[in-house]
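Please find one structure pasted underneath; my questions will follow.
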Amino acid sequence: MNSFGKLFRISIFGESHGESVGVVIDGSPAGIPLKHADFNTDFSRRKSGAKGTTPRREPDIPRIMSGVFNERTTGAPIMIMFENANTRSRDYTRLQDVPRPGHADFTAHRKFGGYQDYRGGGHFSGRLTLGLVAAGVIAKKIIDPVEVTGKILEVGGSTDIQASIDRAIEEQDSIGGIVECRISKVPVALGEPFFDSIEAVISHMIFSIPAIKGIEFGSGFQAARMKGSVHNDNILTMDGTTETNYAGGINGGITNGNEIIFRVAVKPTSSTHQVQRTLNIKTGNLEELSIEGRHDTCIALRVPVVVEAAAAIVMADFMLLEQQVKRIFETKRD
Amino acid sequence: MNSFGKLFRISIFGESHGESVGVVIDGSPAGIPLKHADFNTDFSRRKSGAKGTTPRREPDIPRIMSGVFNERTTGAPIMIMFENANTRSRDYTRLQDVPRPGHADFTAHRKFGGYQDYRGGGHFSGRLTLGLVAAGVIAKKIIDPVEVTGKILEVGGSTDIQASIDRAIEEQDSIGGIVECRISKVPVALGEPFFDSIEAVISHMIFSIPAIKGIEFGSGFQAARMKGSVHNDNILTMDGTTETNYAGGINGGITNGNEIIFRVAVKPTSSTHQVQRTLNIKTGNLEELSIEGRHDTCIALRVPVVVEAAAAIVMADFMLLEQQVKRIFETKRD
Amino acid sequence: MNSFGKLFRISIFGESHGESVGVVIDGSPAGIPLKHADFNTDFSRRKSGAKGTTPRREPDIPRIMSGVFNERTTGAPIMIMFENANTRSRDYTRLQDVPRPGHADFTAHRKFGGYQDYRGGGHFSGRLTLGLVAAGVIAKKIIDPVEVTGKILEVGGSTDIQASIDRAIEEQDSIGGIVECRISKVPVALGEPFFDSIEAVISHMIFSIPAIKGIEFGSGFQAARMKGSVHNDNILTMDGTTETNYAGGINGGITNGNEIIFRVAVKPTSSTHQVQRTLNIKTGNLEELSIEGRHDTCIALRVPVVVEAAAAIVMADFMLLEQQVKRIFETKRD
Amino acid sequence: MNSFGKLFRISIFGESHGESVGVVIDGSPAGIPLKHADFNTDFSRRKSGAKGTTPRREPDIPRIMSGVFNERTTGAPIMIMFENANTRSRDYTRLQDVPRPGHADFTAHRKFGGYQDYRGGGHFSGRLTLGLVAAGVIAKKIIDPVEVTGKILEVGGSTDIQASIDRAIEEQDSIGGIVECRISKVPVALGEPFFDSIEAVISHMIFSIPAIKGIEFGSGFQAARMKGSVHNDNILTMDGTTETNYAGGINGGITNGNEIIFRVAVKPTSSTHQVQRTLNIKTGNLEELSIEGRHDTCIALRVPVVVEAAAAIVMADFMLLEQQVKRIFETKRD
């Protein structure tokens, strides 16, 4: 289903080339100041246009259709909608029968019996993350002073990110990358043992973002090569500060007050100008395919703000669950 | 909360040194043959006793307290309980005030205000995975002919597993490992776009297992270093078979019919004989601590069957959702 | 929260005098034919305008913003929005401080700390049922050939409904009524023992409709005065047909194949021209209040189609759960 | 499914004549004092033995198998189990093929394909309410000082309850009754608009109790015959006290601080010594049936404490949601 969260619950909808994409945010505390301008920073970070991203430009103007009154959240569901403008569906009609390798075309066709909106990836499009980022803007207000920061660590296997992008553009191919997210000023005791552990819920949310292939917390895969005497983080203070932070801020699924750290692997954009082989599902013949439409060389570049949003949404839910946030919001002093 | 799943739903309970651990399995189809002996193989794989595992031996005798009648599931909730026998709680009393580094002692204390059962990790103990494995035995029957196979890839950074264990025992330290899981004969079109993607739900479940620090699907973190033209799996046949399987059997969150592959990183056992520093939360003084009780040198050795169970439970839920399993079970012909 | 359902899940949003009201419908099978005209009949039944209903007229034009492509559902979430047009907010400003007896003004103020949209009842308005009715239109297509029929049994304590309305208008007061709903051609074996019994889930949904004060199934409250030998419905045929239907089509929470019958009590519209006493929550003084705005004399008149929608939504969910509906819809032959 | 609740979540399991019945309670705050003796009062109110109830006597000894340590809740799931002792399964074997009118025998057979435990109603038995009552004991501690009181209003259509019982026993028939529940000292602002309204969630829970045919809040069905000017409860004080309480303490689905009042209709016990007609589902022939086993003349007599438990469970969940209860319980001073 297209919803996530227990007390702070988001539901996304829309298609890349349909009428709109958007999000319903349920469970937001009442009284949070919210203006259109509040979305600008995160939307522009998610936006395309920079080198290595698709030339498709959407205005991404949020229409707040419910849940906000006098520039404050009311406590009722907040529906934010983005009407699609810059759609060029003619690019995609051939793909109805020729599923692109690496994309969801084949699986969507089988899951929805051919009724899916196949234009531009339809409901599977990365454009749906716009709703996530919008919800993230509100989540970040809720969890304040907790801070979430996502950034690119490397693309195409290199930390020289600009060089990697240039080379990929030259080679007319796509590349992946690694994004790190840190959550700081985290209260102790968020999360549950087992099924609602912090790692479990964050990873659930993160794998909802298209193109993610892996996630690791703290020492991550490196932990498998460490000794316990090294990996264990010695506890130094009554508020839980540890000497090292191999645990990534989580013990037994529960925050220990140190920084939460996780990294995600982003695969190379599935759309590439390179020639690939696939099957025409109408004729049953193998065909060659080169994706000519507009697309990102490195989708990882646009992922950090989405990962931030995802993490902030999860934290908002956990903080509401643990009564770290009041149901009626008290604005900070100016 | 301690429940997981939509249509095939499990709830775990219990403490390491309390009366019992166990599981309630709700949503199992009616008519599945189920005998006590069916649990033997997976329980013995999870059991300790081999070199590198704890000398604590529990009989692990499942008491099926509801939901089975005439050796068939009835469709009502199945409660399976394991009464704890071999508990030596005196080992743990000191730990009430001295949280062990790497363990959940500190976070549990803060979350539950000191009321938690601190003996042997209490509700946070790996012993709780016994309920998962029990549910996994039933899940495997439900998803048949889908097959789930977990295995150790490496421990202590080496594929020579026996040597790694020997060295760790000699050094009186603990080590981690990497476990791989493959799910084969998977129907196409399981999973949902976004929040209930196959990766999202599997990772949620996997991070519920204690000691897991990372998960990756298909090419995983390596994907971040690949080019799109290489990473994309060319589609070869009408049933979705691909030339390569970097996607790990999943596109857009949905199964494509190829093998699902994922790997998980298991950290070194937190209990180690090595001296560590921690805080006495009663006195506020730093203390030195060496864990003398019974514990595993390499918990990763016991993880494969737990990962299998986790994966089977998730698959059972998705297959019920997609109506790939009937609510009333029809036994296979012999 | 503002969502309901397990596999067929609806989320409503909006305010009476805000930008919009609407609904997101998640879990609809793919392939259902859906046109704007399909909503006409049920929307006109819900509409005001008839004697005894409010003179506020809204065009109620559904904007389908996602989830439908080429006039078929795609399987992705369907967002249907209604932009509010005929709002006269000046009617309501005084009510910010003077909660109307019988309305949610006082409770909303306390729940949302004064941040709620108080205009016209805001998010508590009966106008939100428009989303329910829209979802009901789709649900009715899903459950076909199961049929749901709601009708007024009595208003103001009388079956002469027209006379009751005339008298209430003359007296400038409001009146209630009783609505009956019948669901026919129901498959046997929908529903679950205990918490997801048919009665439990239908009643949950029905009490979500504003102004409902009671519900009874089959013999209902009359059952409390009957003898078992009379009340028990003798079973006559292999398909479960019973001689009588005091059970209202449900045994042990599960459909028995006979007609599901339930009745709901609708209270008189809370808005009335009669003078009432209430408290000014700003001054703390008691005041007299007479509601001058536009309102229904008898809201019960508009309830049958809402009850139908509610029942159809519940049935759609249960039928998906019991695999009585395919996830990819096969259109009926013409 | 067999679970209920968002933050305070109960899962029931068991069969009337199987190994056990019981409940898992998840989400209880840590630190609540809990002893075996705490269950005595409510268990004895639910117990049979009085005139009009079944002669089957079960010791109903709770075994607390997890979640309690040193006579305090730990915050982990509490599993409470009751092993069945006094089972006389030979009474029921014939019923495998001859579904009793009014019982769930026919629907259970169809739902579970004949695999259900048919002995004594199996999982559909009223014996499962023992788990509800156990959870209710804990819920009552959580919601303190909120008080829940259930009582019989009438049985067999009369308030002379003893006379009604005597007559029914003489006539060898069964009778129903009406139970009222009042919840007092309720905080304002519990509940949600629409789907999680107080009425919606209470009714959902109440209809999970076997034999309930109707529920009404406040004025209930009588509201349908009242005028708005009478039905509206004038607000008198800043804490929401109203002049009358026709609303039953709820406006717009949200508590207004006045007493919550609801009544439920309990049908006559389905088991009766009177001869009824039903179908032998093996032979297809109509047969006559008279229930000879042990059963209640008037099950309504045992319902008040179950209704109380149901209401307390719902209130505990709402109070946790609204942060009216701390996650770590602070014991009241003596």
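Should a chain be cited, it is by its letter among A, B, C and D, assigned in written order, with residues numbered from 1 in that chain.
We take it that a contact is a pair of C-beta atoms (placed from the backbone, for glycine too) under 8 Å apart; a residue touches a chain by one contact, two chains touch by 3 or more.
Since this is a predicted model, take the numbers as computed values, not measurements.
> Can you tell me which chain lies farthest from chain B, using the average of the Cα atoms as each chain's centre?
C
> Out of B-C and B-D, which chain pair has the most contact pairs?
Pair with more contacting C-beta pairs, B-C versus B-D: B-D.
> From the mean C-alpha coordinate of chain C to that of chain D, what's the distance rounded to whole Å?
Between these chains, centre-to-centre, one finds 26 Å.
> Using mean CA coordinates as chain centres, what's the chain B-chain C distance in Å?
44
> From the mean C-alpha coordinate of chain B to that of chain D, what's the distance rounded to whole Å?
Between these chains, centre-to-centre, one finds 36 Å.
> Quick one: which residues in chain D touch 2 or more of the other chains?
1-3, 12, 76, 111, 123, 193
> Touching residues of chain B toward chain C in the complex: what are they?
Touch residues, chain B against chain C: 6-7, 76, 193, 321-323, 326-327.
> Chain C touches which residues of chain A in the complex?
Spelled out, the residues of chain A in touch with chain C are 1-3, 9, 11-15, 18-22, 24, 26-27, 30-31, 63-67, 69, 72-79, 81, 111-113, 115-117, 122-123, 328.
> Note which residues of chain C are touching chain D in the complex, please.
For chain C paired with chain D, touching residues are 1-4, 12, 99-104, 106-108, 110-111, 123-124, 128, 154-157, 168, 171, 173-178, 188-189, 192-197, 199-201, 203-208, 210, 212-229, 231-238, 240, 242-243, 246-248, 251-256, 265-272, 274, 276-279, 281, 284, 286, 300.
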